Amino acid sequence: MSNLLHRYPSFRNGVHPPESKADTHALKIRQFPFSPVLVIPLSQHIGAPAVAVVREGEEVARGQLLARSDGFMSVPQHAPASGIVQRIDFVPSITGKMVPGIYLKPHPGSSQEVAEGEPCDLGTASPDDIIAAVQSAGIVGLGGAAFPTHVKLKPPEGKTVETLIINGIECEPYLTTDHRVMLEHTADIYMGIRYLLKATTAQRAIIGVEANKLDAADALRAAAPDDMPVTTGVVEVKYPQGAEKMLITALLGKEVPSGGLPVDVGTVVVNVATAAEIGRLLPHGRGIQERVVTITGPAVGRKGNYRIPIGTPLRFALEQVDVSDNVSRVFLGGPMMGQALSSLDIPITKGTSGFVAFTSAETAAEEPEYPCIRCAYCVDACPIYLNPSQLGILAKNEEFDRMADDHSLMDCFECGACSYVCPSHIPLVQRFRDAKAIVRERQAA
Amino acid sequence: MNEQTLWSVFVNAALVNNFVLAYFLGICPFLGVSAKIGTATRMGGAVMFVMLVSSVCAYAIHHLLILIGVPFLELIAFIAVIASTVQLVEMFIKKMSPTLFRALGIFLPLITTNCAILGLALFQTNRGYGLLQAIVYALGAGAGFTLALVLMAGIREKLELATMPDVVTGTASALIVAGILSLTFMGFAGLGA
Amino acid sequence: MLVITAVAALGGLTLLLATGLVVANRTLYVEEDPRFDEVEDMLPHTNCGACGYPGCRSFAEALVNGDVLPGKCTVSSGDDRADIAAYLGVDVGAEERRVARLACAGGKNVARNHARYTGYQSCRSAALVAGGGKGCFWGCLGLGDCERICDFDAIIMDAQNLPVVIEELCTACNDCVEVCPKDLFSIHPASHRLWVACKNLEFGDDILEDCEVGCTACGRCAKDAPGLISMQDNLAVVDYDRAHGTRLPIERCPTGAIVWIEEDGHVIKGDEARPTLRHSSLPEAPT
Amino acid sequence: MTSRNRKAVIGTDEFIKGIWRENPVFVQVLGMCPVLAVSNTAINALAMGLATAFVMLMSNTLVSTLRNFIPKQVRIATYILIIATFVTIVDYAIEAISLDLHKSLGAFISLIVVNCLILGRAEAFASKHRVRHAVLDALGMGIGFTLALLCLGGVRELLGDGALFGVAVFPDGFEPWIVMILPSGGFFTLAAWLLLINHMQQRKEAKTGRVQEVPR
Amino acid sequence: MSAKNKTLEIDTSPHIVSGASVEVIMRNVVFALVPVCIFSVYVFGLTALITLTAATLSCLLTEHVLCRWRGDRSTLGDWSVAITGILYGLTLPPALPVWMVVLGGVVAVGVGKFLFGGLGHNAFNPALIGRAFLQAAFPVSMTTWYPALGAERFAVLPPSTFTLPFASPVYDSISGATPLAVIKFDGDITAATDLLMGLTSGSTGETSGLLILAGGLYLIARKMMNWRIPVAIFATVFALSGVFYLIDPAAYPGPLFMLFSGGLMLGAVFMATDMVASPMTSFGCVLYGVLIGALVVVIRLWGGLPEGVMYAILFANAVSPHIDNLIQPRVYGTTERGAS
Amino acid sequence: MYRTLVGVGMFCGLLIAIVFQGTLPVIERNRAEALERAVFAVLPAASQRTTYALTPEGEFVSDTDAVGQRVHAGFDSDGRLIGVAIEASGMGYADTITVLYGYAPEQEAIVGIRVLTSKETPGLGDKIEKDAVFLENFVALDVRLDPSGETLQHRIVTVKRGQKTQPWQIDGITGATISAKAIGEILATSSERWVPIINEQLEQLVAGESDDES
């Protein structure tokens, strides 16, 4: 609504899916119990998997290191609960493939107490110290991509970071994790920003919030410390406002070069929850053991935002919230970009910002696919200004090389805005995913 | 003698009586080389060039043959001279600028044995165009040819990605599009009067 | 008089033109692949453009460069086209025929799905969603990307949603190898008869829950043919550098993951392998 | 592609192939300009077809006769000269026979010179075969060309003028489809014939279950 | 808890869609056209009703038969061919013989749409192809106009309507000339109010500019039509003809006359906007509109024909692939445009 | 190589020249007949003709080799000048229309017209050749000189069918307005040029001795 009255900055194009956040955005974060067994994949992030440092049968305390990072592009893993390492084996993963992981059996009645580590003192630590501390806290992007945060914080040779952008957009429908974090952990966020500013040597920080979360923006503004160069920017409600490229464009008016990184325009984007986690963990030298997850969707009885230990199997989580019997689809992440799950044995990982469960009733009837009528809805939706219609036609004709060479296929970041609007129900983004995979293989060959 | 203004000569040759769509000249390359826009554009440029050359040649031959009293050799002289001149130009370009040759020269042989070129020579002689008129006529005809070719190529590129019924093969679809373009160009009738 | 002028005029004209061209040919000659000339000579020189190339010369160049087939020329007769093909074909020596082979036997009658994939019907898309929902992560998803991409109609999906390569039609173009998201195809000489039709890297009989014909890594085939077959990453691997004309290794395979392909394309499993007579698909198994 | 045994080819095939299997208009799609331009009436079509056939016959004969004397480098030039000569002859002949016909065929008589079909036959066939075969080939091609032109001219005159060879076919009050005599009608009619032929071909293939080698 | 034993369905994202669909868009265009049709029947009477019905039915039937012949399911359900049929009918002279209407309808859908591959692939506007074919085939019938608001229009049919198939129509009692023909050949100008209200001779659909505009506004408001195309056309026609009118008001008609006469309204609002044959990008649409506008002015002012909207749109259809090639959106984070 | 090419060339020249010479008389006769028919058609009362060329100096000469635009004077059997047949052309609907029209100085009118070449649409534009009402216009189309003798009193115009009121107006053709107007334009332009010249030099146009130039 407020969009109509104010002109908030934004990027061009994009779509307006129904927000569907009303069910959970007012619900306070609640703590989740431990499941009988926690399933902890060694690779919950982009990069090299962590290396287990515990043995089977070993007793571990909550917060203890379970696996160390394997190189710079890797983060360690801490125990989400006190308990016994049952097995080190293959665990199910969202990709469908079995991956190495640890089965941890929490002690019955394991407390929520966490072992303290070596604190990182904001006043004395050097940027490199902070980056090292971020790594050893096992922090990855909680916005969904699970990219190791410390890697981002270290700008490549010759580049400097001027602006730190904190991503509080949460443009995916249904999800309210970041919204709650901004309301309830404002202080942690600012503490995190302090660390981040120091680590990146950025001049200022901007917290980007969508106009549908004005209460969060107000809370952040009210709590903003006077001594910090931080502002809160409210931007238009639009999908995919939360994508870092779009957010940078909305807040700074700059475009990240094609194939480049935010740091090419002097920015680093970090999710609010990530920032809050940094602010929460670093002063105590702890590692991540849990994260805030929105569990919602028509099939969920007790929707809400929960603080859930890493490794909790989805089956357990869904049981806790009274999932309906005829649940038919579960998406990790929101409905626009989220991944569908093939099995409920998959655990919640650091990158899980929420999951949405639909019953068979919501499963829309298969709409027939029409030929592209060149309505240009997709052209007007694509935030990267591609021509999805032409790409779709080329994909149908298997002209993959032309897609890449003439129509910038590889710039598509698969936001799905085009598929969302297409009146012909053409599975555009699906075709682009296929095409990109093929092109990537051809280029590699 | 013909007193048409140059503008009228041009508009007529290019739009109203488009060589391809109204006079049916140069259909073979029109059907053959109109599958890709890039090729079509370059082909159009080459045609325009050859038309200029042959228009000047034809003008000269026509007057020369009248001078020596054998106007009945016109046809054979036209074709022989135009063909050889173009071949000379082709060799020259090939030697001097391989890039230009790649872009334009390779079309030259195709163009010499093409109705549009000889037709141009015959028509301009029939109508008694002066040298300047002949040159403008060649330019107009070339421009019209290029326009038709390029429009055709645009549509064919688009159709290449379409799912046409099985019976519609390349040539048939090209002919249908040509027919529609020809209908469209009828709208220009009366311009350039 | 008129006749004499005419004869003289044309004679003079041709003389002039011939001289011009001869001189030009000498001074302006450009060195090129001699095959261009040869092939151009075999073409009809009509420069009609019907082939889609700007003139016979360009078409000849395209032919020599292998961009196009002689059949594109509508003017020359079938014989001429055959001649050109023969001329250009000379350097394609007689090589051993190679075909695409599929390393999966998990049709829907023997392999289970965990989840029902309802999205865009393409293996590549499906593979991105939890691996496609098939119990065996490595197995064929059966949505036929390979069938669609094969330009030679050499692949058909059988009743069990497994692709079947028609060896006579396969040109070993590699397209299916590239397209399959599960990397199930590879190009092999047609003489490779011994074939491991599985890529599952899991170990033990657990596999059989998901696919009744998977390789359980029991290692019997490797024992029966030491050296020829070795176990790598829980999978039997044939070393085709050795003599592999033996059917022995398939005999004791309990699941039939290793097979023998007859010359006519018929696939033979060992006696131990449970014959699978079922034709209906297995029910989906939630995990 | 297997090379057919050349020796087995007898004369009749040379003759027949031009009429149907390698029809210059419907299959090879050559010499389209005169085909489209002067097929607005059946008479024009017939005259044009015969003129082309005559030129083809004469040039094929002469080329075939001279084939062993013409050096390779100048053969195309020679063929063009020969063809141009016969075209000029035909041109004058038609003018002498009927001024009106000459007028309605217009420049397209002269343009026979550049008809790809004629040069194509001279180069692709006559220059490599004995005179007898060259003559048969030219006759076959010429008849094929003329028939195709008649197919077009007939349809166009029938619908565009309600007549055939100038004789009214429909009763009075027939509303002529003027578009058929216009250039676009030429394109559409030829397209329609091609569609029809494709359709028949496909039906035949579907029946025999054999994929024919169709030049694409 | 049984939920855990359930087989889940998996799908690629996005898992929700906007609900926009081809049928809905097409159906709304039909709705927007209905008032235009009704008004046209009011102005021309029974014969317009017959012409519109015959046009629509012939298009629907052709589509149905051809789909079946090709072995596909019939595509009548997507409503697109209904638009083609109605628009085609609206471009015809009201008293055109029914057999010609049907013939043109078959050409419109058969040649203009089916041969190109059906919905979404037609390079030209099918309705206009039908009309262009008729215009070339039967120029006299296509320029014989039934007078507007004739007293007996609901009682008596003009003799031409039910001419025997393939026979020449008789136009005895019919007279009436379109405002454009009147100005081109006689130099008289029709009153602006008549034009605006649509009380003039002309094609079935070129009557009320106001109703057409209203339909267009409805579609634009529902985002089912690209407003840039009609606006660019109107602006170009207005500006160009305005300039000439200022130079010599005696020789050239005024801009308002140009806007509301002939098929410009119908063409600009409903036919130039056919998404299938128009460019995709916003700027491309503006260019396309400007091209159409300029051609309309050129043909009307200097061409031999009184009206050029149809030819202008068809020509622009042919140019639109090139516009799409040249005007591609600049890809985010790059300086060049997307396509080559 | 030279030998073949030049040889073939010369042979071709020979062949063409022979055919040309053989057919020339027939063709010339055909052409003359056609011309004659046309001239007599537009000058209905004439029975012989002389072709004149207008020299750059503005003189009519009947020398066949003279350069200049040609007109054909028609005479009755007594050698009295009936009128002059003039060729004129201009842009029609589709392409240039060429007409031959007869101007009769005595009546100061155009007394006949014949379309020589036109690409006007069959069934529409070609009514300018066939439409009886239209051709009726040219029985006596007024091209009176104004008193100065330098221009016409009224320029020829085409009007809508049925609206002809003046002898210098052409009654148009419905459905082929453009072609009909084009004829009017062609005649108007040509007559404005020729009528004064012919009237000034009437005495030069006398029955010649050579009717057929062949």
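Going by the order they are written in, the chains are A, B, C, D, E and F; count residues from 1 in each one.
The definition used in the following text is that a contact is a pair of C-beta atoms (placed from the backbone, for glycine too) under 8 Å apart; a residue touches a chain by one contact, two chains touch by 3 or more.
Worth saying up front: this structure is predicted, and the values here are computed from it rather than measured.
*Asks:* Strictly by the touch rule at the top, which chains does chain A share as contacts with chain B?
*Replies:* In this structure, the chains that contact chain B and also chain A are C, E.
*Asks:* Identify the chains in contact with chain B as well as chain F, in label order.
*Replies:* Shared contacts of chain B and chain F: C, D, E.
*Asks:* Just grab the chain with the largest centre-to-centre distance to chain A, centres being mean Cα coordinates.
*Replies:* F
*Asks:* Looking at C-D and C-F, which one has the bigger number of contacting C-beta pairs?
*Replies:* It is C-D, judged by the count of C-beta pairs in contact.
*Asks:* So, what's the distance in Å between the C-alpha centres of chain E and chain A?
*Replies:* Result: the chain centres lie 49 Å from each other.
*Asks:* So the centre of each chain is just the mean of its C-alpha atoms; given that, what is the distance between chain A and chain F in Å?
*Replies:* From the centre of chain A to the centre of chain F is 88 Å.
*Asks:* For chain B and chain C, what's the span in angstrom between their mean Cα positions?
*Replies:* Taking the mean C-alpha position of each chain, the two centres sit 44 Å apart.
*Asks:* So which bits of chain A are touching at least two other chains?
*Replies:* 339-343, 363, 371, 427, 430, 433
*Asks:* Mark out which residues of chain D touch at least two other chains, giving numbers and ranges.
*Replies:* As it turns out, chain D has residues touching two or more other chains at 29-30, 73-74, 77, 81, 84-85, 88, 92, 116, 119, 178-179, 182, 184-185, 188, 195, 216.
*Asks:* Where in chain F do residues touch at least two different other chains?
*Replies:* In chain F, the residues touching two or more other chains are 1, 5, 8-9, 12-13, 16-17, 20, 93, 121, 123-124, 178.
*Asks:* Using the contact rule from the top, write out all pairs of chains that touch.
*Replies:* Contact pairs between chains: A-B, A-C, A-E, B-C, B-D, B-E, B-F, C-D, C-E, C-F, D-E, D-F, E-F.
*Asks:* State the interface residues of chain B toward chain C in the complex, per the touch definition above.
*Replies:* 28-29, 31-33, 35, 39, 43, 65, 68-70, 72-73, 76-77, 80-81, 84, 87-88, 91-92, 94-95, 98, 106-110, 112-113
*Asks:* Under the touch definition given earlier, write down the residues of chain F that touch chain E in their complex.
*Replies:* 93, 121, 123-124, 160, 175, 177-178
*Asks:* Quick check on the complex: what are the chain F residues that touch chain D?
*Replies:* 1, 4-5, 8-9, 12, 15-16, 19-20, 23, 26-27, 30-31, 34, 117, 121-124
*Asks:* Contact residues on chain B for chain E in the complex?
*Replies:* Going through chain B, the ones touching chain E are 37, 150-151, 154-155, 157-159, 162-165, 168, 173, 176-177, 180-181, 183-191, 193.
*Asks:* Tell me, which parts of chain E touch chain C in their complex?
*Replies:* The touching residues are 4-12.
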